[in-house]
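A short worksheet on the structure shown next.
Which chain is which? They are A, B, C and D, in the order written, and residues in each are numbered from 1.
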Amino acid sequence: MASAAAPGWPALDPATENRVRDSIGRQTLLTTLGVEIAGLSAGRVMLDLPYRADLCQQHGYVHAGALTALADSACGYAAATLMPDDRDVLTVEFKVNLLTPARGDRFRATGEVVRAGRTLTVCSAEVVTWADDGDGNPGVSLVRVALMQATMMAVTPPRPGSRG
Amino acid sequence: MASAAAPGWPALDPATENRVRDSIGRQTLLTTLGVEIAGLSAGRVMLDLPYRADLCQQHGYVHAGALTALADSACGYAAATLMPDDRDVLTVEFKVNLLTPARGDRFRATGEVVRAGRTLTVCSAEVVTWADDGDGNPGVSLVRVALMQATMMAVTPPRPGSRG
Amino acid sequence: MASAAAPGWPALDPATENRVRDSIGRQTLLTTLGVEIAGLSAGRVMLDLPYRADLCQQHGYVHAGALTALADSACGYAAATLMPDDRDVLTVEFKVNLLTPARGDRFRATGEVVRAGRTLTVCSAEVVTWADDGDGNPGVSLVRVALMQATMMAVTPPRPGSRG
Amino acid sequence: MASAAAPGWPALDPATENRVRDSIGRQTLLTTLGVEIAGLSAGRVMLDLPYRADLCQQHGYVHAGALTALADSACGYAAATLMPDDRDVLTVEFKVNLLTPARGDRFRATGEVVRAGRTLTVCSAEVVTWADDGDGNPGVSLVRVALMQATMMAVTPPRPGSRG
């Protein structure tokens, strides 16, 4: 669970990093799925999903819903890194293209801010995996698995405990 | 885990129902999330997700990724009910609007075929929940939580066990 | 260019109807494409596009861009009918599935509000045409041509003439 | 109406370039809107839309439908450049985010192939314009106006003249 900024992107100030890590930690679905933080930068967040046999569709590939959870959170937190401390992020909508069956040992969603507005932020995310070369050398080529285009909204956070 | 056809929609013949139930049963993510079959008809599939605290985003509402898994499978199997027995379904893409925070005890995705083609099938899904009336009477009004528009593709199924 | 409310939907009060008609009239692209108002109700707007040979793609069917202009405006004005008089509508995003080649003499987009919020309104639209029966009887069956799912935003209108 | 390949992308062989140019020339909507070819490469197509007052929405900005026509054709022909000569391209679906009001003298859609399959090709497009610097120096900074994520399908072309 590395903490490095995404290469080439500005690092987060410590307060924002804490806020974002706290919020990610409260997304219980990510814990259930086994998601790991792979990189946090200003405007760019990378989340990893290691393959598990209990996250699949009918052919044993990772289910589009699990990849979407990964990409949605990567986009949402990429947007959140650029928001003031008193704002929180909600997903308005997203669109996902599945490019190839999600076969691999690890999946990485990289969510990036395309345009940050005061209320709405448009993000995109790629989900990739690493394929071996057919000769048993693992992870030599990068495979794009899914592509997301998403709209996020800055909201005033609900008070803690407001869900019954 | 009721088996009735969706009201007003044609029932499935037993062979198709078995094929679809078998395939749903192999989607291990659905088991992990606790998804239940609520109705199978020709061109329409209803899947339920009971609320669980380990499926949430940072405010304690059900995560968009879990709702998407539900709606994607409802759309995919709605498409599958209209395909010949030797075909299987893959998700090409979907788009989801989150209409309101997913607060509720149970979420139901109803996936329907909008247009079935030989290769591509367009589907839509609504995810709803039931809200109480503020006086402690549970589930009196229906709340639309999410809306999906999706494209599914008929494929020749991969051979069993083809994933290493 | 009928002015009737869409069947089964509440009529607009005259002030809102004037506001919406004025705004539609200022959408110069709609005039260029030959779009006609087919129905205005609270939360539902129907716009028609008669076939023209100069609005087509490479096979002589109406271009997806023209159908999208029609559906986008139908969704946007459906949202606008439910907004206060001092607000205007902008398109945040939309998703369109093309269901079948757009062959026909007239295309009708019906845009409806799915959920109206203070800032964001989610809409859907269907574009249909009428097919003859193969025996020369025109328009006997309805064909769905395209499906849109869209997000609209209420904004404070820019001052008149603010574009240089 | 330059004919150069997009910078850094492989040029088209003459037969493919002729096929694509012929097909673009048959898209009568593009002629109606005044669209110009700005670059054709293998897997990447750039189309320009000069501003015209008759292509606007209610505030005098270019209508989302016109931008969508531009981006859809850029994506479609980007996909077509990678298809065999006996195949033609149809749009399955697209999703568009409008990033900022479309204010500018010229809009350029760059459509690129993200993944080319035998039947389906996933593409993305950006639409940009050029903003002056507020001191009357035109076009010094690039502004992203819209973002498209699209699915295209390879089909056997219909016979010429098949539309009545």
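Convention: a contact is a pair of C-beta atoms (placed from the backbone, for glycine too) under 8 Å apart; a residue touches a chain by one contact, two chains touch by 3 or more.
What you are looking at is a predicted structure, and each value in this text was computed from that prediction instead of being measured.
Peer 1: Identify the chains adjacent to both subunit B and subunit D in the sense defined at the top.
Peer 2: For subunit B paired with subunit D, the chains in contact with each are A, C, in label order.
Peer 1: Give the chain pair, either C-D or A-D, that is connected by more C-beta contacts.
Peer 2: When C-D is set beside A-D, the one with more contacts is C-D.
Peer 1: Would you mind pulling out the distance in Å between where the CA atoms of subunit C average out and where those of subunit D do?
Peer 2: Spacing between the chain centres: roughly 23 Å.
Peer 1: For subunit A and subunit D, let me know how many angstrom lie between their CA-based centres, rounded off.
Peer 2: Spacing between the chain centres: roughly 30 Å.
Peer 1: Touching two or more other chains, which residues of subunit B qualify?
Peer 2: As it turns out, subunit B has residues touching two or more other chains at 92-93, 95, 97, 122, 151.
Peer 1: Which residues, counting only subunit A, touch subunit B once they are in their complex?
Peer 2: My answer: residues 23-24, 26-33, 53-66, 68-70, 72-73, 88, 90-98, 101, 103, 157-158, 162-163.
Peer 1: What residues of subunit A sit close enough to touch subunit C in their complex?
Peer 2: For this pair, the touching residues of subunit A are 92-93, 95, 119-120, 122, 151, 153.
Peer 1: Please name which positions on subunit D make contact with subunit A in the complex.
Peer 2: Going by the criterion above, the answer is residues 95, 97, 99-100, 114-115, 122, 124, 144, 147, 149, 151.
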